[in-house]
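Here come two complexes built around chain A, the first alongside chain B, the second alongside chain C.
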Partner chain A sequence: MIDVLTDNFDRFAAGLWVTVRLVGISLIVAFVLGTLVAALRVAPSRLLRSLGGVYVEVFRNIPLLVLLFIAFAGVRRAGLDISAWTAGTLSLGVYTSAYVGEALRSGVAAVSEGQMDAGLSLGFSYRDVLRRIVLPQAFRTVIPPLGSITIAMIKNSAIVGASLLALPDLLKEARIVNSNTFQTTEAFFWAAVGYLLLTATATVIFRALEARYAIRR
Partner chain B sequence: MGYLFDPGNWEWLWTERNFRFLLDGFFVNLQIAAVAMVIALIAGLALALLSLARLGPLRLGAKLWVDVFRNLPLIFLILYLALSMPQGVRQYWAENAPGVLPDALRGELVLAGILGLVLYNSAVLAEIMRAGILSLDRGQREAAAALGMNYRQQMRLVILPQGLRRMVPATVSQLITLMKDTTLVSIIAIQEVVRSGRQLSQTAGNPFVGGDVEAPILHVMIFIGLLFVLVNLALSRLSRRLEVRQSRRTTGRRVPLSEEEQAVVVAR
Partner chain C sequence: MQRHRWLWLLAAVLVIGLVAAGCGDDDDDDEGAGGAETTEERSFESGTTMARLQEEGRIRIGVKYDVPPFGFRNPQNDQIEGFDVDLGNAVADALGVRPQFVEAISDNRIPFITDGTVDLVLSTMTINEERALEIGFTDPYFIAHGRILVPEDSDIQGIDDLAGNSVCTAIGSTYQETLREQAPDADLSLVDTYSECLELLQNGAVDAISTDDVILTGMIIQDDSLKLVGDELTVEPYGGGFKRGDEEFQNFLNEVIAEYKADGRWQNSYDEWLGQHTGEDQTPPDATLADALEGNIE
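== the complex of A and B ==
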């Protein structure tokens, strides 16, 4: 059992590192876009609100695999020379941003309306009220759901790796080890350990964030 | 943008049987989703009850099972099952699958796909249901016990109807995720819509295969994505309507937890 790990340690480690980077970059994309989408969803203008709504409904309901085909094979066929990393992180980030946006929107809804009104009447612009008063509180109320979204993203990164050849993530390295050694269960067992390590780490980090920053209502 | 909206690039959709070909593939996704949803809901409830059992080892075992399977990537499970499923089982299914099933569901590897979907989703659903049950006030169970109900009656008549109803929205959004995840079985060579779409974009416009209208993969995949968006939107509308009717029938007040309350309950 252990020899499959020790013999192929470099492969597993490299795959794990690719997965970590893939998740890290996509996470930044998802949080930035998700925050923007949440801002759209609570905007005073009706047009902006429905624009945010369409964004969320489209990207929450489309399969990630289809999104990846659009972003990589589709865009390449259109003549744009997009790299696997760009297409992969963008797809995973955009897909997840719809969930982040929804979580943040419900967090904003939990911050009492009076705070928005108070901020506006003190002369803050809409942007400043969101940035300085509402969003910081919204983020703190929705730490647990953001944690589950991050864990979902770690799992979804395997879809990115499986559909884009040029991204040798943990699952792909496990498949290579499998085809080199024919020890399917062992190869997949060690990859499973890798994934569980990542999700457990994310759980611990978000528990700590929650204990430190969460606002309970 | 010109490339995307050029009508010439959409012509494949209404030439020959292309449209029908994709719909046939999508129908396979719907069937796989339906089968997996039913089994996953039943298995999820069983796991949720086990993870609340009074017997220590049983409870710990169920919890460990749920925590492992909901934290592994689904595609990882499907691939592993497809690679490790004994030849005998695969052959048996290919030869003895019930004739009422469509061809696509009688393939050798369909079992691996459905089993993967069920293993993963039953674990996630179990966690949702468990959270719903735990979110009920303790007084509910105590009152039921005081009325002389045994464990089964307490669960069946008092705890489950309330606990599960609270989690309807979270359950539906997981079922929507399941619907999207049926595309993952394309990786183990099951002829569903994404696989059909890839074939279409490779063969259409290819003089050796037939057809003289090209089907760019960008346009094919956008069309497939649209199919999923439509069906999933319908699913979530349906559940919202169900919710409203349920709450009217019962107390009149909104029974399910709000979306953010649920997310918090599940994440804990």
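== the complex of A and C ==
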């Protein structure tokens, strides 16, 4: 069992590092775009709100694998020289951003309207009410769903590796180890351990955030 | 409410119907092109793989679905056809059973044998020592050679030019090792199937594909803006794969293959799938499994 890991440690380590970078970059893309989309979704203008809605529905309702094929094979065929890394991180990031946007919107919606009214009637500006009263409370309620989304994204990164982008991520390296050694159970066991390491790290971070921003009720 | 319930029932029936139709379709697909029971049925000692297959009335054969001209889905009639498929039909004929073809890609064909998903693999599979520790092999039924495929306007002339370029091959193929040894500075793109390699070469994501010449020839048949370059990198004797240690099945398969080579069926299949495209003549290989394992084949 352990010898499959030690004999092929370089491969597993290289694969894990590719997965970490893939997840890291996609996570930034997802949170930046997700925040922008959430802002659109709660905007005072109806046009902006429906724009955000279309974005969410489009990217949440297309399978990630299809997005990857469009973003890589499709875009390249259309003549744009997009790299596998760009296509992979962009697809995973955009796909996840739809979920991040919805989580953030639900957080804002969870803060009752009375708070906004109270803030305004006390003489705060709209911006100040959002910044000092609504958003801090919204942030607190969205930590758990954002944690779930992050974990789902770490696991979805394996789809990027399995697609025709041919990025040498953790799963791909485990498959190479498997085809070299024929130790199927062991090769994929260590891949599972690698993904668990990443998801467990995400869990710990989000738990800590939850505890840090908890309110006693 | 009552109305809704009927709608749900209707939806359920539709779904079940579609699933059933889908399964039915698959069965039809798997029938294969060859007619079974054309030759007189041989009887085998009970307990052998051959007797079991005759009892089951079918042999499950793992072939490729995307590698013309060895195993591919004919877009005109949706049948699985090719050089490997012809041989599979011959094996089924010799048993007097129905061939049931299953898609076996490079990465899963050996697990398919060891876990019993298929009875036989005829999937452009090179005989080598590492694989012979996992599965049993027949005598070689075809000898391929490793080559490199590039677009017509490429500067790559051979294996030495691959350094610094990206080259695609299938995960689980022998080229994973071959390229690492012979082109250590090339950037390897490993995908599941050769049709994905072809897509990557056509859309410019990789600079070259390296695998068996006959598979690459199949790609040129599909897209004549591609060309073969360089010398032969490797010798790749193809063998049928089955469960390791099943000597009776091995002897039976070798007999069938020897007959297939001797009575002209091999030649007919070669001419149909390869000869007419390459314009090259070839005779059936007479090398044995031992020759293949020891590397005594040119």
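Everything below uses one rule, namely that the second predicted complex is superposed on the first by the 185 of 217 C-alpha atoms of A that agree within 3 Å, B and C clash if a C-alpha of one lies under 4 Å from a C-alpha of the other, contacts with A are read in each partner's own complex, and residues count from 1 in each chain.
Criterion: contacts are C-beta pairs under 8 Å (C-beta built on N, C-alpha and C of every residue); 3 or more make two chains touch, one makes a residue touch a chain.
All of these numbers come straight from a predicted model, not from anything done at the bench.
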item: Which superposed partner A:R175 touches (first chain B, second chain C, both, neither); value: both
item: Touching partner for A:I151 - first (chain B), second (chain C), both, neither; value: first
item: Partner, of chain C and chain B, that touches more residues belonging to chain A; value: B
item: Partner chain in contact with A:A73 - chain B first, chain C second, else both or neither; value: both
item: Which of chain B and chain C A:L164 touches, first, second, both or neither; value: second
item: Shared chain A contacts, counted only where both chain B and chain C touch the same residue; value: 73, 77, 162, 175, 184
item: Contact footprint of chain B on chain A as seen in their complex; value: 57-58, 60-67, 69-70, 73-75, 77-79, 102-103, 106-107, 109-110, 141-142, 144-145, 147-148, 151, 154-159, 162-163, 171, 175, 178, 184-185, 188, 191-192, 195-196, 199-200, 206
item: Partner chain A, residues of chain C touching it in the complex; value: 106-107, 110-111, 130, 133-134, 168, 171-172, 176-177, 189-192, 196, 199-200, 203-205
item: Complex contacts: residues of chain A adjacent to chain C; value: 72-73, 76-77, 81, 84, 162, 164, 166, 168, 172, 175-176, 179-180, 182, 184
item: Footprint of chain A on chain B - complex, ascending; value: 3-4, 68, 71-76, 79-80, 83-84, 176, 180-181, 183-184, 186-187, 194, 197-198, 201, 216-219, 221-222, 224-225, 228-229, 232-233, 258-260, 263-264, 266-268
